[in-house]
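As structure tokens, here come the structures.
Next, two complexes with chain A in common: one pairs it with chain B, the other with chain C.
Coming up: the complex of A and B.
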């Protein structure tokens, strides 16, 4: 083989993987990178999209959203909504997974519970929002039951009162999202070798000790991975909040997604909306990098 | 033989080219973007377009139809990119933005050139002196009264003034039975409750939320309206859940005998009848301030129409607009839509065949259409801002004066 032929062959070998990857790279570039770069570009323009000749705005739109108290309130609400959702998704998911994995529960009952517990996962965000709006409306079932058993004295406007609205939407989101944890943890539980528990039984370990020293450490990789993913997804929740409260009453359930939506489609300020979207992107990116680093470390 | 045919063929080809080049043979295809087609009986708008095409040989119309929100986004993007359809369905709330983008043609020169009779149209929406929109069909918002609840509560005379309305609402309210006098939807998801259920009180009494083209929310009319709404709330007459209630839920509560009165679109009459055929209701104009005797402003939403400034076929587009605004065609269209006409001479058939619509038509004829959000910049954003301040007031966080002042400050930033 001549030298020229060899170098040609080498080049072909080097290029081949990229040729195989090129269709997916092209799709990712067109569907993900291009819109992302476009939105970033919009955030530095005046009258983005609305004018054919937008001028350069520098950091003006970032300054405007950082000066807006509603943005900071939205950020705080987003963090509250996300943290509470992830914590409770994990807790409820763990309890239900342990229940479904327990030999002490009748297998037939376990199968029924498995179906019941997974139900929230089968509904779309719109259906979940409608269900909870009906349940939590002032004349709804929840108020009726709570009044009958004497927990509340008068009707509570769960979604319409600034004091309760954020808790109410968070509750609805917790209900909607725990099955992801439950299913993942159940799979993890079924993968823990029985020997560990048998050894612990011989050592006289109690149930809570087995949970703390065997189950949770064994599930830790799943818990961390799913928590990080849930954090990223929950931060971007839009339809549930939009349909239940629209970000209100006043600004009590305004989160970054509804804040951005209103800037874009109510104020038609697409430049500021882009700046807000870039902030969400940066936060999500930070979390994603953290997730990737964790995955690599494993 | 060959020698003789060739010149003949050349002549035919030249004639065909000439006809094509002058447009004598070419069809002009107009694109008409709107959200009306899905809201009308299937095929009815297409049939009107077919009739237009038959009456105007050489012009074809392609309908680009979608739901309201999609159409709004499509039109915004089309205006920005210069790809707006030749003829566009418009909501009054959009026209200011579209005009600022230079997307809408001024129809004044077209009206003048064609000798169009301006007196035949109910309204011409102007921005900066440019005629940019005609309301083709109007959906007015009277007060719906549940007559059975009213009778049970001892309300014998339906309210005509705000004071009478408050009294009637109080009488109809029985919170222990989940029954309230009035319903106010102020969801931030769709803040149109500000326009339909709050500002309508101002316009009904011939008042205005504007002064010299600028917001005047701190003026007496708006502050009085806020004070009145607050008094209804303080009296416990408004159905709970105001801050997240949508228009659809408002109608549901009325249908289910849970509220005695609501301000709502006439377009919902059939829906209400379908949902509760036994519901006994009547329509009245929005009550006015004491001693007001002038013409009542009637809040409305409309299907508007305009022409793209970038259209290469403005002459043909104007023909289509004229056609839809003409007496007979307009009457046909609004009859299908259960709306009131954009042509003052048009009489929809349902006003004679249906008592409720007939009554509403009387209200329509004796009053005047009023919607000051039409043509305002970022109208939806203005409603959202007002909505937030009204919610704060109803939550007891501020007085009507403070709510008006805060909303005024927010609005002024947009003007």
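Coming up: the complex of A and C.
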């Protein structure tokens, strides 16, 4: 009797985790893994989604994308947008974290500034896009200030001239995204043992030497993993660009996500859009594998 | 000890405060501008030189938004969808996290890796098959379409956050229930859930925020004005009256209120969720 009970209990322990996980696995399987397979299938079909019996297209849609100069322009814009964003997110995040962590400011001021410096993080991409459109309007406040200081001679149409649009959306994204680095680095800074700095003080180290030889190496794991995540996420940015420039003018801010979206829902070429979506997926997966490897190695 | 109050030292402190002020301007001016513009009339927004404080303070933009049932519907939709997804996500993630945290089983490591990697799947990649599915199941332009698709990208984060939290709780507590002959199900609800409230709050906050901010799926999987959420509503406002900047700013302020309030009230939980992706 007891043995039976015990083996029954054991069986329950063995099955239980799968039961607890089953709703999640069902959702992730049906609504994430299956769609990923579906989109790959779409990319090899003619008139995917639109027709009930699509014919096999082979690599035709991939060929079409790789022959499209707008695709290559989008890839380049995505790279520029992403690299600049990550570099500046990291730099600004680091500078703000170091400033806030300094013992030269009074704790009350530190707490207030910490809250205020996080502000850009609390706003939705669409709202950020609308705010920057207002700020950068030709008759807006930024032009007005820059003209008064004398940096620019006449009104600049930041979002609607091909020379400045990509820089303008990148700037808006830099503004929107640095707090992730700031918050993470601030937490990291507080985790560095104080004796490291005390030992350096005894050796007569200068402030910049402490920064280069203690602070930055100690923060390196955080810097690397946040940079990777930020890179992956920034690559996928859609609403900010969609609302500010919509990819224009004349494709000058087209990125992979807006390019794919337009193929799918403006031209209704869902097969070709799927091919482009698969390319984005492959880039993301490559970076993700790299990220997971790095996390495991740590 | 460090020497203080030498002239050089003072200079550094002053320079630091100047830099802090510049940083504050960079971080907060755009927000301030949104807030102040929402209290201006539309003509004052483009007055030259720009007015830093609204010269003629007015609530007309807010009145226009709050008096329009179409716009109120955007808010209702956002709250409803985000609320429903949050409840579902937290429940489902709690069960999964309990499985991950308290049991050893075959495939645990690879499942964990899959869940971590699903966080980085580009939404645009899922969008096309979702569109196909939603249309073929006849749920295009419904709450169900939004709720189901939102679950997909809230769940992975929620599972990781909750698992992380449950791992910090001592196992003796639920083992005590097992010794008394209780099942793991009893242990979950009697012991784990009551002491997991901080973790549940952090997960809820982050899930709500992800849904509140979602744009791409809401844009594509809904069509009628009565199904649109706040982010899409703001975009629509932009298309309709391209020059009603004060209304757009008022709507942006109203659309940011939930996150601002959550942040002020529950800063700790908020940050726990926001940085969850990076501190696994």
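Some notes on this structure:
The rule is simple: the second predicted complex is superposed on the first by the 275 of 298 C-alpha atoms of A that agree within 3 Å, B and C clash if a C-alpha of one lies under 4 Å from a C-alpha of the other, contacts with A are read in each partner's own complex, and residues count from 1 in each chain.
The rule is simple: contacts are C-beta pairs under 8 Å (C-beta built on N, C-alpha and C of every residue); 3 or more make two chains touch, one makes a residue touch a chain.
All values derive from a computational prediction rather than experimental measurement.
Once the two complexes are overlaid on the shared chain, A:64 sits clear of chain B and of chain C alike.
Taking chain A as the reference chain, the count of touched residues is higher for C when chain B and chain C are set side by side.
In the superposition on chain A, contact is made by A:49 with both chain B and chain C.
In the superposed pair of complexes, A:200 makes contact with neither chain B nor chain C. Looking at the shared chain after the overlay, A:251 reaches chain B, while chain C stays out of its contact range.
After overlaying the two complexes on the shared chain, residue contacts for A:159 are found with chain B alone; chain C is out of touch.
In the overlay built on the shared chain, the residue A:265 is in contact with chain B and with chain C. When both complexes are overlaid on chain A, the residue A:139 reaches chain B and chain C alike. Once chain A of one complex is fitted onto chain A of the other, the partner contacts of A:243 extend to both chain B and chain C. The residues of chain A shared by its contacts with chain B and with chain C are 49, 137, 139, 242-243, 265. Interface residues of chain C facing chain A in the complex, by the touch rule stated above, are 2, 12-13, 16-17, 19-20, 23-24, 26-28, 30-31, 33-34, 37, 45-46, 48-50, 92-93, 95-96, 98-100, 102-105, 108, 111, 113-118, 120-133, 135, 148-149, 151-152, 155-156, 159, 183-184, 212-213, 215-216, 220, 230-231, 234-235, 238, 245, 248-249, 252, 255-256, 259-260, 263, 267, 271, 274-275, 277-280.
Touching chain C in their complex are the following residues of chain A: 12-14, 16-21, 23-25, 27-28, 31-32, 34-36, 38-39, 42, 48-49, 95-96, 99, 102, 104-105, 109, 113, 115-128, 130-132, 134-135, 137, 139-141, 144, 148, 175, 180, 183-184, 187, 201, 222, 225-226, 229, 232-233, 235-236, 238-239, 242-243, 256-257, 260-261, 264-265, 270, 273-274, 277-278, 280-281, 284-285, 287-289, 291-292, 295.
On chain A, the positions that touch chain B within their shared complex are 49-52, 133, 137-139, 155, 157, 159-162, 165, 242-251, 262, 265-268. Listed in rising order, the residues of chain B touching chain A in the complex are 73, 76-77, 79-82, 97, 101, 178, 186-191, 240-245, 258, 378, 380-381, 384, 387-388, 391-392, 395, 397.
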